[in-house]
Every structure is written in C-alpha cells, then in structure tokens.
Amino acid sequence: MTAQLQSLPPGLTNLEDHATQAQTRMDEIAWAYFSGGAGDEYTLRDNRDAWTRLQLQPRILRPVARGHTRISLFGRTLEHPVLLAPVAYQRMAHGDGELASAYAAAAQGAGFVLSMQTSVAMQTIAQAVQAEPARGPMWFQLYMHYERGFLLDLVRQAEEAGYEALVVTVDAPTSGVRDRERRSGFRLPDGVSAVHLAQQYRQSRQLEPGQSALFDDLLLAAPGWDDLAWLKAHTRLPVLIKGVLHEEDARIAAGLGLDGIIVSNHGGRTLDSTPATAAVLPRIAQAVGGRMPLLVDGGIRRGTDVLKAIALGANAVLIGRPYVHGLANAGAMGVAHVIRLLRDELEIAMALSGVATLEQVSAELLFRNS
Amino acid sequence: MTAQLQSLPPGLTNLEDHATQAQTRMDEIAWAYFSGGAGDEYTLRDNRDAWTRLQLQPRILRPVARGHTRISLFGRTLEHPVLLAPVAYQRMAHGDGELASAYAAAAQGAGFVLSMQTSVAMQTIAQAVQAEPARGPMWFQLYMHYERGFLLDLVRQAEEAGYEALVVTVDAPTSGVRDRERRSGFRLPDGVSAVHLAQQYRQSRQLEPGQSALFDDLLLAAPGWDDLAWLKAHTRLPVLIKGVLHEEDARIAAGLGLDGIIVSNHGGRTLDSTPATAAVLPRIAQAVGGRMPLLVDGGIRRGTDVLKAIALGANAVLIGRPYVHGLANAGAMGVAHVIRLLRDELEIAMALSGVATLEQVSAELLFRNS
Amino acid sequence: MTAQLQSLPPGLTNLEDHATQAQTRMDEIAWAYFSGGAGDEYTLRDNRDAWTRLQLQPRILRPVARGHTRISLFGRTLEHPVLLAPVAYQRMAHGDGELASAYAAAAQGAGFVLSMQTSVAMQTIAQAVQAEPARGPMWFQLYMHYERGFLLDLVRQAEEAGYEALVVTVDAPTSGVRDRERRSGFRLPDGVSAVHLAQQYRQSRQLEPGQSALFDDLLLAAPGWDDLAWLKAHTRLPVLIKGVLHEEDARIAAGLGLDGIIVSNHGGRTLDSTPATAAVLPRIAQAVGGRMPLLVDGGIRRGTDVLKAIALGANAVLIGRPYVHGLANAGAMGVAHVIRLLRDELEIAMALSGVATLEQVSAELLFRNS
Amino acid sequence: MTAQLQSLPPGLTNLEDHATQAQTRMDEIAWAYFSGGAGDEYTLRDNRDAWTRLQLQPRILRPVARGHTRISLFGRTLEHPVLLAPVAYQRMAHGDGELASAYAAAAQGAGFVLSMQTSVAMQTIAQAVQAEPARGPMWFQLYMHYERGFLLDLVRQAEEAGYEALVVTVDAPTSGVRDRERRSGFRLPDGVSAVHLAQQYRQSRQLEPGQSALFDDLLLAAPGWDDLAWLKAHTRLPVLIKGVLHEEDARIAAGLGLDGIIVSNHGGRTLDSTPATAAVLPRIAQAVGGRMPLLVDGGIRRGTDVLKAIALGANAVLIGRPYVHGLANAGAMGVAHVIRLLRDELEIAMALSGVATLEQVSAELLFRNS
C-alpha cells in the first residue's frame, strides 16, 4: 500500500480554504465526525477565538537573517514546531488514510502522532516513511481503558515498529456529547475500521435497577494516575499525557516523572465549556516550569497562532482537523500543503515580529492591553 | 384520566432540538405564552448566556467509577438534581398537561413542582403517580396574593394529596410586561383553565382620578414577609420561596426559618433586565451559608449547566420551558426524554470533569479567567 | 387650530412598535431627519445599549401598595418623571405637530419642552393646553447663538405665554455630521417652518483665503458661560442647560446658580462618539450633589430605563424620538399612548423591584457585576 | 502629464461612501490589492474599531471662535494634521495615479508621502505641485532593503526634486500573508510599474536543502538600526521611521537621533494580529515624551478619529485607503474631496468638543469608562 500522489486543487491559500473545500469533498457523516465538537461547540469555537484575541507586539529592525523555525524535542532536532495530532479513522477522509498523513508529515519534517484507532496498521506506516531523510518523529497515541495485556502488546508493537514516544490521551474516560455526530447517524463505512482494536469491544455489564451505564459499567475501566505510572514503568519510550487543562494535574504529571504534557481539550470534542487551550496554557507552563516539554493543540490555524503558543510557553503545537481537510482535498499532497502553509506563515510571522529563532520568543512578544 | 404513552419523534438529540421541534407543534399563542419573556427578553437570553459564559476546568485521571448523581433534599435521596419547575396551563401544550409531566418526572426520579395554576387537579396527579417506585418529591407551588381562607384550603388539599413541600412564588406581585404574549392575543383555549382557581378572579376596585390600577388596586393584595411567616405557621410542610435575586432577601428568609430558596427571575418573564440567575447565585449561596437548601432555575439547557449550578452553590436545579417542549413533542414520553437527556449529559460532564459525586463539586471546578 | 383625535392603530405594544410603524408612515426625508444621528450613529446606538447593559437587582416582599410614580420638580408635583424633549419641526411628522404633542403631554401629566424651532406658535400651544387639569409643566427651549435682542423678545413671549422654565441647549454650537439626513436630501416641506425664527437666518461673512467657514464665521456667535449668566439675570424663569456630558461643566453650572441640568448628547445627533448619557450620569450626579434637579435623555425606551436613570441619580427623564413616532402614528393619541406605555412600564418595574416610590430608588437597586 | 479635473459623482457624504463607490469602479485585482489586509484581516478591522471604541467627553460653552486646525511640523505650519500615506502603484486605481493624489494634497494643504513604489516619477510630481500656494510638505518613502548605492541615488533624486523628509518603512522586511490579494491572482496591469525600481528585482539565491527562502535568502537584506543610522548620516533631510508598534523601539529611535516616528501596522497588511495603532499610540507617545514628532495611521475614517489620535499624543495622522478610494472615484477631485471631508469633520468635532486648537487637545478629552 502506497500513498498516491495527487495534484493540489486550486484556490487553497490558507487552512481555512482547506476546510471550506474539504466540506465539499467529504460525505455528511465524515464531515460531522471530523469537524463536529461536543455540545453546543462553544469550546470548539473558543479554542479558535482565544488565539485570535491574543495580539503580537512586534519589534523592528532586529537581526533576523539566517533565522530558523527549528526546535529540539526529546533529543531530536525538528525543522519546525508543528506536529500532526492523533486522529482516528482517517480512511474516512481519504482512501490512503493515515498512511498519506504520515507520509506528508515525513516529507515536511513534521512530527506525526498515530492514533490507536488508526485505520491503517502502524507497521505499514512506519515502514513506508522510515526512509524519508527529513522526517520528524513518529509517536503512538493510546487510551488506557483497555486490558493491560492488550495495551502492553500494543506498546511492544509500537516500540518495535520504531515509534519514538507514547501519547496517552487522558481527557476522555467517556465520549463527549457529540450531538452533530449523533445527528448525522454516524457509522463507519464498509472497509474502514480501527485495525489494532479488532475484538476489543467490551461487553456491557448487566446493570441493576438504579445503576448507571456510565458510572457503574463503562467507567469501571477509567484509568488513574497509577495506570500512567505502570505504563511508564513498562516501556522504554517517553510517555506524554494529552488532555491536561489544569495546572495541578501538570504538577502531578511532573512529579510522576512523565515525559511531556499536551495541553488539549480534545479539540472541543469531549467536555463542552472547558476553557480554550490558549487560556490555560500559560498557567500550565508556569506550573511545569520547564521540567518537561509542553505541547498544545486546539484551534491553531495560522502561523501567528503557532508563534503565540510558543510565546505562552509551548515547545510545539499539534494540528488535527486542518490536516484531515488537506487529506480529504488531495491525500498526502494536501496534508503536505497544509503543513507547508503553516510553516511558511510561521516564518513570516517570526520575521515580521523581529525574532530569528523560537528560543527568542517569550511572553514579552504578546501585547498586554491594560 | 391517564397519560397516553406516545412514541418519541426522531431528531431529538438535545434540549435545543426539543425546543425547535416544539415550536412546530404548538399553535402561535401557546408558543408565545410558554417561550416568551418580559420586555425585550434580555433577561431571558442572559439567563442562558450566563451559564454558557462559565467555564469548567476539568481534572483528569481521578477515580470516577461507581460515581452517581444523587443528592439529598429535605430528608429524601433524589436520583439526580433536576426538578420540574411550576408551569401553568400545561394542557395548552399537550392534552395530558400536568399529568403527563408529573408522570414522566416520577418515572425519571425527578422532583415535580405543580403550579397553583395547574390545568389538571392536584389530586388526580398525586393519585396517578403515587405508586411509581422511583419517583421524586412532589411539591405544590402557590402565590400569596389571595384570601387567606382560600389559601389555607388549598394548602390543606395539597397536604392531604401528599405534596411534600410548598413553593411560594414571590417575584410576581404583578405580571411582567410580556409583549410577545400580548402581541399573540393570548387567551386560554376552550377547556383549559386553572382548575383550582375557579371563581377566584378578584373584582377591580373603583379608582379615583389620579389613582393607579396597579398601586392602588392590584398591589393592595401584594404579600409581605409576614404573610410568609403566617403560611409557615399554618402548615406542616417545608416552605420554599421562589424568586430570590438578592443576597439580603436570602438572609431575611433564613432568619425567618423558611426551609429553602429558589433563585429565580421567573424565567425572564417578570422584570426584564434583572441579572441572570447564574450571576446572583454565588452571592446568595454565600449569604445562606448552607443553612438551607438552595435551588436555581433559568436557562439550564445542558448537563454542564447543571454541574455549573452545583459548583456555584446550588443543591439542585429546576427546568421549565424544556420540559414543556418535551410535553408538546411527545407527552409524558417527551418530558421523560428531556429529563433523561439532561441527566445523561450531567453524568458525562461529571465523568469528564473528574468528579464522581456532586458533593465533590465546588467553585474550584470553575475556571477563573483573570 | 386644534389637535385632531385620531384612533390608535393596532399592534402597538411598546415604544419599539411605535418606531417600526412610524417608519412606514413618514416619508424618507422626515424619517431620516427624526431618526438619524451624527456620523456612524455609534452614540445613537450606545445611548440605547447603555441602559440595556445596566441590570436591576430587585427586592421581594416589600410594601408596594399605594405606591406612586410622583416626583417634585421646581415646586410642582408631577405625576411621573417622563417629559417630552424639545424636537424641531414636528409638523413634518404629523399635521398637528407640536400642538398634538403638547396636548398629549398635558392629558398624560407629562412635562413638555417646546423647541425654539417649533412649527406651531408657542402661544397657540399654551392656550390650547392651559385648561387641562392634570397637565405637567411647559418649558421653552432655546439656543443662545442668536442676537440678544431677539432672544430677549422670545423669552418675554415665553414668559407671557405661561412657559415655566427655559431650557438652553448648549451642545450644538454647530450641527453634527448628520450623514443620514444629508443623504436623504433634507429640506423642509412646504408649509412647515420654524415659526418663531422667520428672518433670523444670518448672513454669511465674507471669508479671507485660509479662513474657516466654521471657526471664522459661524462660531463667532457661539455662546459662552457669560451668556448663560446674562440670560439667568434677564428672566424670572428657572434656567436649565441641556447637553452636559462632563462633571466639570456640571460644577460650573451649579456655581453659576443655574437651576437645572439635562444630561444629554442631543440624542446622538451632534458629536458622534460621546459616551452614552447613562455612562456619564452618575458622575454628574455626584458632581451636582443634589444642588439642583438633574434630568437625562437619550435612548430611554422602557420603564426599566426610567427606573435605572433614577437609580443613577436623575430626577426625571426626557424622551424624544419615541413620542415623534407616536405623533406620526396617531397624532395626539399616539403621543399619549407612548407616554402611557412608558408610565405603565415604570409602575410595573417599580412593583417588581420592590420600590413604592421613586424616592426609595438609589444606586443600590443596580446590580454590580464584579 | 497633468492630472485631469474630473467632476465628483453624487452620493459621497463621507469616507465610507467613497469606499463603497470605489469598489464598483476598480477591477477585482485592484480592489483586492488596495483594500485587502494580511491573514484574516483582524488587524485591519481592529484598527478601525479601536478608534470607534474611544469616546470623546466634550466640554461646553468654551471659546471656540477663531479656532483652527493648524499644526507645526519640522518647522512648517500645516493647515491641518492630515497627510496622505505612501501607497504603491496608484495608477492601478486611476490613470493619473500619484500625480492626482499629490495635486489634490497640494490643493488641500495636506502633506503627501510619495511611495518608493510610485507609478509616476517623483520629479514629474514635484514639478507639477511645486507652485501650489497652499501646498503641504512632500516627503519620500523608502524601504532599506536594497543596495546602498541605489538607495543613495534615490535619496539624492528626492533631495533634488524638493522632497522635504524621508520616511523609512521598517515593518515589512518581507510581505505579509496577503491572502485576499493572492486569491485575486494579483499582477500589475500593463503600463503600470514602480518607475524608480526598474531592474532592481533581486535574483534569488540558490538554497541548500533545509534552507529557508525567507531566512536564508530574502532576509539577508533585511535592514537594522545601523542602516537607519547610516541613512541619517547620508542625507540632509529629516528621517522618520514608519511601522513602530513598540515603545522600546520608539526609545531606540529617539536615542539614535531620528527625526520622527509613524506609528503604523502598515494598514493591517503585514503582520495580522498586531494591536491596533490606537492601542499602542499612547505608550509610544509616553516613551517619546515629545522629543520628536509622532504620527499615526491605520483606520482613520472620521474627523473624530483624527481628534482622538491627537488626544492620544499624535502630532498628525496619515490616511491611505480612503484617498485611493477618492482617486478611483474622481481622480484628483476625489482625493481632494476626501481630504476636505475629513478636515471639515475635524473642525466640527473640535467645535462640538469645545476645543479651538489642537494644542488644547490632550488625553483629558477622552472618556475613561472605569
């Protein structure tokens, strides 16, 4: 299986154009699944708006020649701070699915986080991109609410396939109230499935009267901090947790020796009415105090957003929906284009802000309107 | 008379869907009556927006298994903190009227507050639901501005029929400026009436020139705190007051030994331009200091709203319009569906916020954006 | 000349309805003239929005029986605190013009301020309403940028005709940038004129190159504080100034012994981008410290707005556009209806706020959201 | 070559009307080029909104007769504080291009800043307007990122042609992300070019793998403060820098002995998400402390905006798009009309605010809503 090269349709000037065009290419169910959020989608919108509300106060006439967007993460140098977030079932967006996304990431030097719910096998992906000279890191994402034996097996597979870190999503012990998705009558199309999760669908318990299908059944498998500690002890890979929104939880993670934090509200897909990630990021950065890498996702659509995230204390950012839009629009070529657009915009934002490297960026760059 | 079981129409994913669909089922007058507010409906909108503006800052990896939504109120354990607020003339929304609503409440373990202006007799309702095993408490709502003899008789009827508390609405010594209702040319349809208020319509006084029909006639019957004290002395039931928006009034109520407070602006139907109930709730909670149960209504449409209300200090919440929409859409089945949706959303919101019980919820759960 | 009684068209529930309907009755020029503001009409909208943003925090179970809306002003008792502001050329809105407005004001106990640019003679109006038993005060408005001889003659006419106070408009040494009016191609219709200003149109001076038609010609006639002192010395009537927006100017007025202040930005018709009158009112109230009556206009459309104005320190309010709408809709009957609606809403707002008289109203009634 | 006099089309009441009408006269590419901004055009809108949000708190009854709008700048007296900002390729908007704009500026006493990317030769323009009796100053704008020899030659030409100051644009070491312009498929029409920049298009460097076309090629020519110092040392003209948004950079400029600062974000055309110029102006004014003239552009559309800019500490303002709209609408006549409208509005705003001269204007005139 190889990602098909596909030519880029015209009219794609920025990530918003990719979204607009992707809506015309996906069927209604796929669009609802990928673009929808929880509840009234307040957090989904606020994620975006929170970046927009922040303002950059640029400096002039500073030395920017020979600047670059490089960052260092877990001992590797990355060409730029944009990673692709884990997104399930990408073959719903395009036949090549996660393979195309990973391939584009590799070509563009972007880190790639493969979802446990991938619709293409992790080994297939790893082999296909292994040889790309400029490729960024490949990480594997997982949920803890599965049996430990199954999880360990998955972790071993990831280690052997060459994935370089584990990302544990901790903000979804249950699904959010995804009304748009439910209204669409969501079901996986024929031929698309979570290839590593076959037979993993758990049997519902028999409930007594007055018991809750959530609290008294599903959540019996909800993970705790000890599960994270267990995982950390059973893998040689760095372990990041994704879904942190509270500074106290960041402190706990640091105390447990975890290796990284991804500030995220799951793209507004779990609990509607959380703060935007841009709103909690500075508090978490302060709590972590540089003890481990800090990443953020949610609503990043412009190079200026990336720069703002760095200014608020992030080491790198992840994008989700935008690259799925690129995928729907033109397969690997579309994903590569989305990454390239964002990176080019970041370079321009840096040059126009008077910073040559991301190390020079701090909260000083943000305008305090008071 | 028995509430008809009716099947649920498709497309009802959340309470907003119920509202949208109900508008197509009610005639214009009924819609204007139930959905309209006072004046420019600023308070009506602000009630809703104030919950939306509040943000939850969730915790992760906390023990939530075997959690529950139960609360304790006046010595009873309720399955969840959602009650049905008193709403008049429910037979305008559906032929089964209050009977269907009470039946659905009983089936879903929700408390039910019957309006003094019920269009089905309180005894009929009490008998119909008495035997429901999981039913929540039945309370009776009344206005004080009628003759004491008549009131006492009504109170006795409620006591004998098994109602467990009295709710006195104190925020409407006169009706609000309900322009939408007036524009619709409101009148009760044939066959719908306030069955306990026959012959209770008071005669207007003859006014002298320069006198006000409001101040010099209608308001002569407006109740005071002493009327509340009198009522408290003449019933064995707990007495709650509904319509408190000021912390000082909450202190007075506590000082008088009243049994509970419902923070309410009458769903935006009386004085337009009051604060949203979410805005005054924390002050009133502080004033009450746990001396008596505190409930709140107005704009609650999501499980996250319920959770926010608890976080601001409420013991429970009431919904009004949403269950009338359910009633219009599918009778008792529709009301039950509305309660169920809200309770399910509350469970999910709790799980995703990292709280297992409502007792664990405090203002700490709310994000302070400062 | 007598104001024709005219029946009220249906569908007029509130002042906004009057506006909507009036637009269909006036020709485009009249509508642009009466409803337009200066510049981008920011102040026009903000006047309205500023009242809306204020919130009332009502008290419950207070004694409101036998309450009333009466106020005391310059030694007279007024039935309620609503006056009609000076508006020019009212015969553009309805053939009866100012006569109808004055007649309606008298019938409804409202104070009436006749514009110097009235299209009906002040004597005609005074005689027509003199005998109305419940009539409120009649005041006469004037601009100072006319010759003193002419002004004195006008003042004497007003004194003799029975006008009880002089209102000097001080915020318009020149007209505002009234773009909507200019776009409409404004001109007075045949038969409508400022009946007291015949032959008062001043001749333009011959300007030298580089001189400004405004600064070097028109503004040579702009009045100063000394002109106000002169007027005060030459009339036995109380003198109010209208158009105060700065607390310092209020202090100066009080120091000069003027008799009253009207906080106004000319209904947003002069300088666009002034603060809303509701925003400056409390500062001016504090500066005046009760030394003289304080009135306010601009954006008052609801009884709750009147109550808020009193709470911010005003003794009374004026309305402008709303009564012109009533005038266009049904002559004197329409104006009376507008006043009545506002007064009824005020009574209801008082009753629902728990206040029996306007003397009980203070800033305590306003909710401070902090 | 002479600017054609052209009659003014009807319906142009203010600068917004000019914009609306200009859109119908320009082709799509020209409209996108002149009216578009960078990115999501947030800064473009915010520039405008920031002036609107500021409120003037006018004083009354002050002496305004014989007032004027004159200011003093670099030893010259200007009739008013409105200058025309440098705008490239004006022959795209109208055949007469920069010649018409300069001619209109001269006729209206407005300062004119000619863009280095002018489509009409600077000498042609200088000769055409030299004789206008009331003309304001002519300045020449340039970018530093070209060879010094070429720049010196250009500076000498400007000096000889009679330009009175140099304006160095420092906020665009690279172009912004001008999506609207890119979407339009921008290209210069036949016959329009930057007449002083022929053969100045630099050759791209050959990049190594992993190098950035921006950081490793284009920005090698990006100027620094030393380049400004060099320029200052090589011309007898005052040197202003345009594009300052940070108070620290203003301090550096003052320390280097530069002659003036233009607070600007390039009309929202470079870095989207900078603060509005009105937001940074007061800080820069404080940093500069009167040591040199301070000008501002971005979003000025009303005389009240000009007055607000002066109140925040600017000595003068520049307009860009509005005069290009006038140019498109009626050539020199249209530009003159735009300047006249703004000046007339400024006079009216001053008179209605109670100020006779701009020297009397300070931050006191602004309402602080706190």
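The chains carry the letters A, B, C and D, assigned in the order they are written, with residues numbered from 1 in each.
We take it that a residue touches a chain if its C-beta (ideal position, glycine included) is under 8 Å from a C-beta of that chain, and two chains touch if they have at least 3 such contacts.
These numbers come from a predicted model, not from an experiment.
The chains that touch subunit A as well as subunit B do not exist here; no chain meets both. Shared residue numbers account for under half of those found at the interface formed by subunit B and subunit C, and the copies are therefore classed as meeting with different residues. Comparing the CA-atom centres of all chains against that of subunit D, the greatest distance is found for B. Relative orientation of subunit C with respect to subunit D corresponds to a rotation of 90°, obtained by superposing CA atoms and rounded to a multiple of 5.
Remark: subunit A and subunit D have CA centroids separated by 42 Å (rounded to whole angstrom). If you average the CA atoms of subunit A and of subunit C, the two centres end up 60 Å from each other. Of all residues in subunit D, none touches 2 or more other chains. Interchain contacts close the chains into one ring where each touches exactly two others, per the touch definition above. Chains touching one another, given as pairs, are A-B, A-D, B-C, C-D. Looking at the complex, you find that subunit B touches subunit A at residues 11, 13-14, 16, 52, 54-69, 79, 134, 302-304, 308, 344-345, 347-349, 351-353, 356, 367, 369.
Subunit A meets subunit B in the complex at residues 39-40, 42, 170-177, 179, 182-183, 210, 212, 214-216, 219-220, 222-225, 227-228, 241, 243-246, 248-249, 270-275, 279-280.
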